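The data blocks that follow each hold one structure.
In the two assemblies presented below, chain A is common to both, partnered first by chain B and then by chain C.
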Partner chain A sequence: MAISTAQLPGELTNRPGRVGLKRVLGPDYRMAYLFITPIVLLVLSLVAYPFTYAIYLSMTHKLVGLPPVFVGFENYIRLTWDGFFQRAVVNSFIFTFGSVGFKLVLGVVMALVLTANIRWRSFWTGVLLIPWVAPTVVSALNFLWIFDGSLGVLNYVLVRVLGVLPQGLGWLSEPGLAMASVVAVNIWRGFPFFGISFLAGMKAIPAELYEAAEVDGASVVQRFRHITLPGIRNIMIIVVLLSTIWTFNDFQIIYILTKGGPGGTTMVMPVFTYETAFGAQRLGEAIAVALYLLPALAVTIMVLARYMRKGRKA
Partner chain B sequence: MDRRIRQLAEQVDAHHISRREFVRRTALITGSTAVGLGVLSSMAHAQGPKMRVWLFKSYVTGGNDILAKQVEGWAAERKVQVEFDWATFGDREQKFVAAIEAGNPPDIAEMNYQGPLRYRPALRDVTKLAKDLAAPRGGLLPFAERVAQLNGQYSGIPRLVFGGGLHIRKDILAEKGLKMPKLYDPDVLDVARKCQDTSKDLWGFGQTLNRCDDGNAFMQNILWDYGGATWDKDGKPALGTTYLKENMAALQFAVDSIQKHKVQPPGVMSWTDVSNNEAYMAGKLVCTNNGASLYYAMGARKHPLYEKTQVLLTPGGPAGTFVASNPYCWGLFKASKNAELAEDLVRWVEDEKRFEEYMTACAGQAGTVYKTRAEHPYWKSDPNYEGMLQNILRGVWNGYPGPLTPASIEVQAQYILCDMAGRVVVGGLSVEAALKEAHKRVEEIHRIRSRA
Partner chain C sequence: MLVTLALVVLFPFYWMTITSFKSEEQMRSVVSMFWPKPIVTENYHQLLSKTDFAAWYGNSVFVAVSSTLVATSVGTIGAYALARLRFLGRGFMASATLITYLVPPSILFIPLYAQMRNLGLANSLAGLIAAYPSFTVPFVTWLLMGYFESIPEELEEAAMIDGATRFGAFYRIVLPLSAPGVLAAGLYAFTQAWNEFLYALVFITDGRLRTLPVGLASFITGDVYGWGYLMAGAVLTTLPVIAAYIYLQKYMVEGLTAGGVKG
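Moving on, here comes the complex of A and B:
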């Protein structure tokens, strides 16, 4: 015969486990579950499930319109020995670190200029923000025209107006120049973000510190090194971290300007992923390409994050 | 917020009506709106079934307009609601992949030569329809036949193939007393050298080897022209084996046109499909290979070079003149609930009178895939159309001399031949090393696709 809980004696309903939970999690722990559940469900459905499914698909041979066939680590192994993929990895690092390095320097310069006592500071701040505000597709298409060998404005200025070159250059087609050109566009587009972020950091540094240093006889360089740089250190780390991730995943600039060509000279991971997915239409392998460097990126992010936390504690 | 509900709310605020009255009237308004929407929905259903039609947006805008008008005419006649979507070179395959993988493809779509074989698992068998259309039109041209069917089962219905050819400045050639070129080497090189004037930024030849359809087509053609190929007769990789010698000669010519002969403009290796059109129309090229869209664009804009341009049969090489002909096809999707209507739509737009209307608006772009359409007087109405027709009639299929296969399609889709050329011009590899590197990639694709 079933016994309802109402018939049970009081001491049996107040089980020690429940009391323990209440003691550990607090009196409102049931309410906490209620509040947490939607977030947990959202994270599971929008992040965990797609991510897990992507990992599964990366281990399959998946062609369009056909069910996936599990192949284990074959896609990853094949990619490891693929010369074009290897070049894409190397190019991705050149593109990312080349761009981020320059953006960092230019961003600091921009912030320093904008903190100085210059005329029309707000106007210049607005002007310098334009590359960051303009849609990437629009900027990239403009640069496609600027770099055009025959009709581009860059060759026109260098050859016809200034007479610096006897003949136009293939900005997007010559060895070395193609990668340099796409990096330049990325720098042009990304440095205002660095500059504005650093500017915000610099404005938060108390003016008294500079005054005290000046009184103590510190030079401009010393003030920059010992006050400005430590003052914006955390912002710098965050900005570099974000920009590294964004630049590494930048697709639009290279795809519009070169499609990874000529001959794979500017092929980077996002374009390679796209080409594998929609050109080759091997979806499993495309996801493997996308996930291949995820551990390396994750480690980079973790190291940087730990470094930041350490800095904050200190 | 609905205007009437807002008024009611204001009346409540002003204490003109009670809250109870507000709730009652709001419920009445909401209910009547819902009923109204339901009636509208059922009226929409009464207008007939709904069909999703994906069309290809070509650069020949006049043709796009006519095709859309014809589909709308069919929809009105059959009382069908048509939902159009257009895809172009850059977003076509992505849309198909996404729609098929999501299980939500259109009822019918215009797709390029890759579609019937690539999307075969999602496409309906249209053998009867394809044969019904081909029979009274003298049958399909060989390249179209290859593209649309596999082992006699059709998964696509060929519609058209782009006309095109070598667009050349006849005014400059006449001025220099030169003949129209037939072979790349020596004819095109000779014309290019003699007509080129770099001080005026006029270049002899404009042909990219970069990752784009133009680069792909040229690289494929030049291998055939020199007696080489990517695939052998059995559809096995032959780039760096069976035809190594011929392919080396072909690749050497392609690379030399940029590096040694210097008849191509700076930056040609970064060109995309539109770059040569722009350069030609800007008067910076003596000749360039292109589809009829270039001739159409000049005509539509009343461009001064329209009258000064001759469109010729694409030049050839020691083994002859070969042109990759990649027809556009209709694909009918299995998931469609309107299979009969989709077939009816194909019959409607492929009707000879309607196709004629479309073809004449396309300035040679709507090349024939059927034998009898090649005899249409339209192709003799302009000397340039004759060159385009010759290109079509000489057309061979991707994968030639072997069959069209998923692997041969993927080699094109991954721009393997363009990368091969790029590795020599930009990467500094020798011709042989680049060929062997590309051969490895082709073999890998063949291995993966054979397993599938």
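Moving on, here comes the complex of A and C:
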């Protein structure tokens, strides 16, 4: 953070008291603090305070409507050995990395398709971005209907139109299929964000680089590997980290499609948190679930924030 | 390739729309799968007359508009301070805002719920309006910081040399120039508030006070889902967002790429 005092407007020099404050707090401090106060208040009351309170609550036995009883790390220790919790952690990682991996690939494909020489580019860009703008709940409900075992259109197409399956599958009700189905929905909703970000990155790569490479006889694949990929490397890191946080904490898709079922095969940590808090009414333990991987989340956020600020300054 | 992607992207919306115009009969007997024959509007009548959908719509509009106004005004001045003004603590606040944007709601929803209960704001739309700035404000601020930084500083300097105050330079020069950015940020805030699910699910217990996403999801708690009117509700819930998006696509795409990532 740099405070520059080089550009002080001349009128200030004849007000010695102010100059002293300005030297310490910065030349624009009065307007700045006025403008920044609402954000400070919001961050303190809506994020910092609840977050601190959450850490405290996670170390208590707290039932809804009753005062909390402090128990130290007991919730965390118990969770560590809880089979349901362990499975939720594993499922969360499967859900997250399965989704993010495919979103990355599809995002690159989308960006490449949109940088190719096509007509109505902005129209197609707009169309492909729709899943990202539409309400997630609506999309999840759409897929609940599409996946429906008896009347859903997916089974109809596969069995009656294409004839590739002898009979319909329970996309959300068969333990072996449910995770793949919810991952597919998350990919569907999330890949446009990857695509649009990569597209912006690719547009920023100077065309001369490609022309020079072409003159030197580089193939399309070589140009992609040695010019495009390095050119969008920073954006890729940012988008993958952002999406990892978002996907790991995605609640709506699984809550609506499976509620963690069948038999817990799609139970992920956010839904487990919700069930513990509002199903079992154990708030302290629920928050311990939400905060269990806090160290990993904190590291991810710090790295990501650094990249995002660096990306801005460049 | 492009066409395949577009089909995959659009199919669920096409399916939602035609389902909303089918009768229960048509769905049960699996006839006229890909185009409803005849087209019936009965689902929409049912939805509006027999459910609380209209009330939910009002709630969603109220909550989304209020939180958009809060987020846009607080975010605009805050972003200007963080992007342009020189003061002690600027770097720290810029980082704090960004980190706040990255903290997921799944960590905050229980303590926020407890906090709203203590304030007597649980189970009220005011509670949602109070909570939504936790994600809309940091996002708007981050997005507009990028926008303000892209406006040449010389414009304000010139205005101040001509006698404008710092505030005057912001109000008369920077703000009008940033109108598209503020508009895009406001639309995103609206979309986020309109689509929000978790806080609304947890905070609101009274059926009539639900917002649209939670209300729609509540249709699936029974064993027999009325797919027709559920999809009719889904269509009506998606419309404002998509309409705003189509109308202002250029700004929103630019805003997203400028605000989310850049570099």
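Annotations for the structure displayed:
The rule is simple: the second predicted complex is superposed on the first by the 252 of 314 C-alpha atoms of A that agree within 3 Å, B and C clash if a C-alpha of one lies under 4 Å from a C-alpha of the other, contacts with A are read in each partner's own complex, and residues count from 1 in each chain.
Basically, a contact is a pair of C-beta atoms (placed from the backbone, for glycine too) under 8 Å apart; a residue touches a chain by one contact, two chains touch by 3 or more.
Owing to the predicted nature of the structure, the values given are computational and were not obtained by experimental measurement.
In the superposition on chain A, contact is made by A:175 with chain B only, not with chain C.
By the touch criterion defined above, A:143 reaches chain C but does not reach chain B.
Of the two partner chains placed around the shared chain by superposition, neither chain B nor chain C is touched by A:120. Legend: residue contacts after superposition of the two complexes on their common chain; A:277 is shown touching both chain B and chain C. In the superposed pair of complexes, A:109 makes contact with chain C only, with no contact to chain B. Contact comparison for chain A: of chain B and chain C, C touches the greater number of residues.
When the shared chain is aligned, chain B comes close enough to touch A:265, but chain C does not.
Within chain A, the residues touching chain B in one complex and chain C in the other are 148, 151, 277-278, 283.
Across the complex, chain A is touched by residues 1-2, 5-6, 8-10, 12-13, 15-16, 19, 27-28, 30, 33, 74-75, 77-78, 80-82, 84-88, 90-100, 102-108, 110-112, 114-115, 130-131, 133-134, 137-138, 141, 145-146, 149, 160, 166-167, 170, 191, 194-195, 197-198, 202, 212-214, 216-217, 220, 227, 230-231, 234, 237-238, 241-242, 245-246, 249-250, 252-253, 256-257, 260-263 of chain C.
On the chain A side of its complex with chain C, the touching residues are 1, 3-4, 9, 24-29, 31-33, 35-36, 38-40, 42-43, 46-47, 49-51, 53-54, 57, 106, 109-110, 113-114, 118, 122, 124-131, 133-139, 141-146, 148, 151, 153, 156, 188, 192-193, 196-197, 199-201, 234-235, 238-239, 242, 245-246, 248-249, 251-252, 255-256, 269-270, 273-274, 277-278, 283, 286-287, 290-291, 294, 297, 301-302, 304-305, 308-312, 314. Across the complex, chain B meets chain A through its residues 93-94, 96-97, 100-101, 118-122, 198, 201, 203, 209-212, 265-272, 275, 278-279, 282, 284, 410, 413-415, 418-428, 437, 440-441, 444-445, 448, 451-452. Considering their complex, residues 61, 63-66, 78, 82-84, 147-152, 155, 167-175, 178, 257-265, 275, 277-283 of chain A touch chain B.
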